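What follows is a set of structures to go through.
Presented sequentially are two complexes of chain A, the first with chain B as partner and the second with chain C.
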Partner chain A sequence: MRKFLAIAVVAALVLGALGGVAAAQDKVIKLGTLYPLTGPCATAGQRCKAAVMTAVEVINNAHPDLDVPLAAQEGVMDGYKFELVHADTQGKPNVGKSEAERLFNQEGVWAILGSYNSAVTKPASFVAERKGKIFMCGCSSSAALTERNFKHFFRIAPTDKTESHEFVTFMDWVNEKYDADIETVGLIYENTEFGKHAAEEGKAAADEAGYEVVADVAFSPGATTMDSEVQSLKAADPDVVFGACLGGDYTLWVRTMKKMNWLPKMSLNYCTGYQDPMIAKQLGDDGNYFMGGTGYSPQFADLMPAVAAVEEIYKEITEPSVPFDSDSIKEAAAMFVLAQAIEKAGELDHDKVAKTLHSNTWEAPLTLSGEVAFVPGGQNELAMSYLTQLQGGDYKIIYPPEVANAELVYPMVPWEER
Partner chain B sequence: MTLFVQVTLDGLLTGLLYALVATGLSLIWGVMDVINFAHGEYLMVAMYVSYWLGFLMNIDPLFSWIGAAVFVFILAALTYKLIIKFTVGKSALSALLATFGLSMVLKNTALYNFSPNFRLLSDTILGGKRFLIGDIVIPLPQVVIGIFAVVVVGTLFWLIKRTRLGWAIQATALNKQAAELMGINTEWIYTLVFGLGGACCGIAGGLLPSYLAVHPEVGSLFSLIAFVIVALGGFGSIPGAFLAALMIGLVEAYSGFYIAPVFKYVAVFGIYIVVVMFRPRGLFGW
Partner chain C sequence: MNLARKDYLLAAVFGIFALLPLIPGVLPSSFTQHVFLLIFLYASMSQSWNVLGGYCGQVSFGHSVFFGIGAYGAGMAVVHFQTLPWPGVIVGAFAAAAVAMVISYPVFKLTGHYFAIATFAIVEIFNRLFMVWDWVGGALGLDYGLTDTGIANFVWYESKVPYYYGALGLMVIVFSTVRWIERNRLGYLLRAVREGQDASESLGVNSTWTKLTAMGVSAFLAALCGAFYAQYNFRVDPPMVMSLDVSMKFVLITLLGGTGTLWGPLLGAAVLIPLQEYTRAMFGGLGGGLDLIIFGLLIILVVVKQPRGIMGILEDLTRGRKSRKQSEKGGA
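The block that comes next holds the complex of A and B.
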């Protein structure tokens, strides 16, 4: 009898322990990340991945010193922790779509964050919507993404539409303040979902504001030369260029303009190579005086005081160690918003979490507005960015004037005078 | 008129760069019947060698191309010794697949060691330099690459046509067994040809960081264009590859400027399809 009791106690302990393990395992929310970890946009993709990892580190563990949501506690819903499964889109829509399917079907992820390139986000988020699962997008900017009326798609970033309107409003302001005589616009963009939509929105906004679009230059990403592209711009000689070129294409574009000895009076860039501080650094003086919409740069520290401490964790994860940039920080913000919604919903039903996301305003200290709120279709209606200009390698805020910390250099300083 | 001259000049300079890349491929193809799928990756390796020589030792691409060319010469010679040698005499597909595998190895080795990040050399001697004739801009980096292309292709042509070594290479290309009976060390010729083919690419890759960013995927499109050039010029024909490269450069420039930039590669690959359909041996092939 004593022997039987001993066996029963041991069995109970073993079962209890196994049960504990099972319970601990159950308290995991698997999330997929979908970024271009290789290919032409890999630098940006690697940083976006590191940004989500940073947010998960803060949410999963107690960081009471950080002034961001969920930092003080460990996990969400009384002990649930996030586990990330990373996938590489290579920046290709077909790869992104199949990886999204693999993440849901084989890895069993609960939701996906991603995927930087709008062209990839479009089919990948379609997979999520078809499955009734959540796709949380940080920085893809094509306006078309949130015009599909999807129920489970959410996007933190401002769209190209928003940025295009910002650009023309800014041009009006420059004309007024600097007597700049800006009349014509040229467009240069990669021939992808992102580039084409950015150009469409840019053209529409310029037309509406009374600017004449005199050059419309689409190019194939990863080109060996950009001579024809720059020659076409130079021939039309627009006052302002709206640019939508990513990564290496951006550097080639800038260097080809230098080679061809041509610059517009002003260059306004969508979320492109312009926003990548590493590329700006590598271009050195050649990168100066270009402009673009920017959601974050270390020079914004005073405006976003909560970022600095989180950024320290991010810097430890990135190799080489870099601060957040305008794109990656939106991916971190996306993760924080998703985690808050799960916490508030109190359960893992996708529809319930999606509904919760739609019906609340979320604390988002990693965004310029400090808050996030989604309208039907999933666009963050509070999304905003400032217009910056690279001066001496720093992103200086130029517009809106109430937050500006530098004076606009207009027109751009010609190549031979640098 | 100025614009036409400028576009023509851009096309010719781009064509000369392509000639430097494609000549090596044509040489290997012509002598050994081997389609070297790793050719674009040789270019990428050369660019990394030049970049690191510039970044770590402050050697400008204007000089570091020598290191890049020697490195890729050795890499290509080893490719023959360790891989291609075992495919000679077997199905043409085996060499093709072996070099495709090598291209994957080189690309992923670069990814693993250097990450996918773009790397750009700043303040190079040639970077951004240009001179003007009226309104026509003549970019110095491309002019220098063009001069290298003329010299390298010319030297290679002279070597093949006018020297005993060249005759030995031609004999090996025409009939390996007969060449061996004449006392030619075909094994050595093959190693040298593979090395020279790689070195041509190495010179181009060594000079390119003057204005082009380096990353593991950088060779892919160059490789495809080089295949088009070799097919257009005629397999194994060095003058053919040279002229075809100039044609492709001009087609790219004219279609890019006068039709649309996004159309330029459509035109280039469209020409390839037409040539393959109507003259599979290429414009200058026999």
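The block that comes next holds the complex of A and C.
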């Protein structure tokens, strides 16, 4: 009898424990991340992955010292915790699509965050839309992504269209303030979904504002030489160049211009290698006086006071330890917005959460505007970036004037005078 | 005795093929079905390359061009002309064969390494051409919109099962064609050219015609595979379908399985594709490319240990068994 009782007690304990585990497991929301963890964009992809991990660490655990949404509590919806399942797209659209399918079908993720490359985000988010599940995009910038009228796709970043209009507005301002005589524009871009769209938007904005586009130069990403591309720019000699060159291509472009001893009066870059503080560091003096749209830089600390404490967690996760950059911080912001929407919706119905995302304005201290609001199609209508110029290796805010913390250096200082 | 063993082998092969249609019912996991259909697709691609590279001995690194033309055929029909993909599949396959024969005529004047290098260049040329050719979508490629699912459009969103049978059907078509070629006059001519072009010509073989025919057939079959790939991914762009990366897959899978053999491409795909897909699923998310490292190491292992591929390993095993039996007989 005693033996029977002992077995019964042990069985009850085991069943109780299993029940507890089951209950704990029930309170898990699995999310997939889809980034290029290998391949030419691996560094950026690894940072985006670390940014989402940072956000999940803050949301899942109590961090009352942080001034970001959901930090003080543990999880969402009274104890639900997020669990991340990471996948590698290798920067390839077909891999991205099949990994999105695997994340939904095999891993049973509730939503996907990703996927850096616009060309990959397109088919991967198509999979999510077909399944009626949510795809949160942090930093892919092709305007086409939010022109598909998808119901479950949301994007935090400003699009190339937004940035192009910002560029020409800035050029008008420079012409007025500095009597700069800017008349012509040259385009240089990687021949991909991102680069091609950026160039099209840049050309349209320049035409509309009355600037003449005198050079349209595409290159293959990962090129080993850009001599002929820079030669084409030099021959056309535009006043301003719009650049859409990612990572190592940006470095090569800048160094080739130095080799050929040519610079435009001003260089404005989309969310590209320009924004990467590591690349700016590698270029040293050569990187100075280039400009571009910037969503975040550690030098923005005064404007985004909530970031620093979150960034400390991010720095612990990244290897080597780096601060947020413009792309990775948007992925973290995407995670915070998604978590807030789930919390507000109060249930895990995809349509309800999507509707909640559309019908509210979200607190987003990791973005420049501090808030996020989505229009039909999923674009964040409050997305913005500041125009910065690299001066002495620092990203100085030049425009808009009300937040500027440095004076524009115009025209760019020639190579021989540096 | 030999005949009996052959019969067993044949029965086993037919047995395996007879079981393949049952797999979606037994293994409902969509990822497993995805892996199987990729095995069939890549086996078909490699088999198409095998006609030229294996049976005829002309190592081409340019097959992604023909694969890509097939993919663009289907993609243009759907996206640009908004028709069913089928006319595009047919036009793409014939266009690929025609392009292959036109560009190969001068290239076949080169032999060995020089031929291989020239085919590398052809991929680069076509890749660049398609990247800047706006009519075919340029660098943006072609993206399928939402369409009705079913066999007419050859599009399904929620299920992999129809694609599974589509890939299986494609493999049966490609393998049957190559089997027919292998057993007929063309097969003997191909092998004659492979074993010695000059010697075969001295016996009256028109090597140029033979190689061009092999190239045409090979490109036609590769284009069919490309069309399937486009329908499966709902997207076509040059890096996806017309790159050295894709070309290397054609060659690698066949080398791994065994060139110039009917079953080599299937064996190569059956090893390489699950390895690629499962290592990525298991280790890809860790970052650092552990999946690619494991994948690469295994390829190196097979190529170093058995340059004749998996078919070579099987042949050695069979030969070993045979010689053991012979020594048992003659022993004592």
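Keep in mind that, in the parts below, the second predicted complex is superposed on the first by the 407 of 418 C-alpha atoms of A that agree within 3 Å, B and C clash if a C-alpha of one lies under 4 Å from a C-alpha of the other, contacts with A are read in each partner's own complex, and residues count from 1 in each chain.
Keep this in mind: a residue touches a chain if its C-beta (ideal position, glycine included) is under 8 Å from a C-beta of that chain, and two chains touch if they have at least 3 such contacts.
Computed from a predicted structure; not experimentally measured.
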item: Clash-or-fit label for the pair chain B, chain C on chain A; value: clash
item: Partner chain in contact with A:A100 - chain B first, chain C second, else both or neither; value: neither
item: Which of chain B and chain C A:P123 touches, first, second, both or neither; value: second
item: A:Q282 touches, of chain B and chain C: first, second, both or neither?; value: first
item: Contacts of A:V372 with chain B and chain C, given as first, second, both or neither; value: neither
item: Contacts of A:A223 with chain B and chain C, given as first, second, both or neither; value: first
item: First (chain B), second (chain C), both or neither touched by A:A51; value: neither
item: Which of chain B and chain C A:T38 touches, first, second, both or neither; value: both
item: Touching partner for A:W415 - first (chain B), second (chain C), both, neither; value: first
item: Which superposed partner A:G248 touches (first chain B, second chain C, both, neither); value: first
item: Overlapping segment of chain C (options 113-121, 149-157, 167-175 or 221-229) - the one that collides with chain B in the superposed model; value: 113-121
item: Intersection of chain A interface sets (partners chain B, chain C); value: 37-38, 42, 45-46, 191, 218, 220
item: Residue ranges of chain B in contact with chain A within the complex; value: 3, 6-7, 10, 14, 111, 115-120, 122-123, 127-128, 130, 132, 137, 139, 141-142, 211-213, 215-218, 220-222, 225, 252-253, 255-257, 260-262, 264-265
item: For the chain A and chain C complex, residues of the former touching the latter; value: 33, 37-38, 42, 45-46, 49, 85-88, 92-95, 97-99, 101-102, 105-106, 119, 122-123, 126, 130-131, 191-193, 195-197, 218, 220
item: Interfacial residue positions of chain A with respect to chain B in the complex; value: 37-40, 42-43, 45-46, 191, 217-220, 222-229, 231-232, 235, 247-248, 251-252, 255, 258-261, 278-279, 282-284, 286, 319, 415
item: Touching residues (chain side chain C, partner chain A) in the complex; value: 29-31, 34, 128, 131-132, 138-141, 143, 157-158, 229, 233-235, 237, 239-240, 280-281, 284-289, 291-292
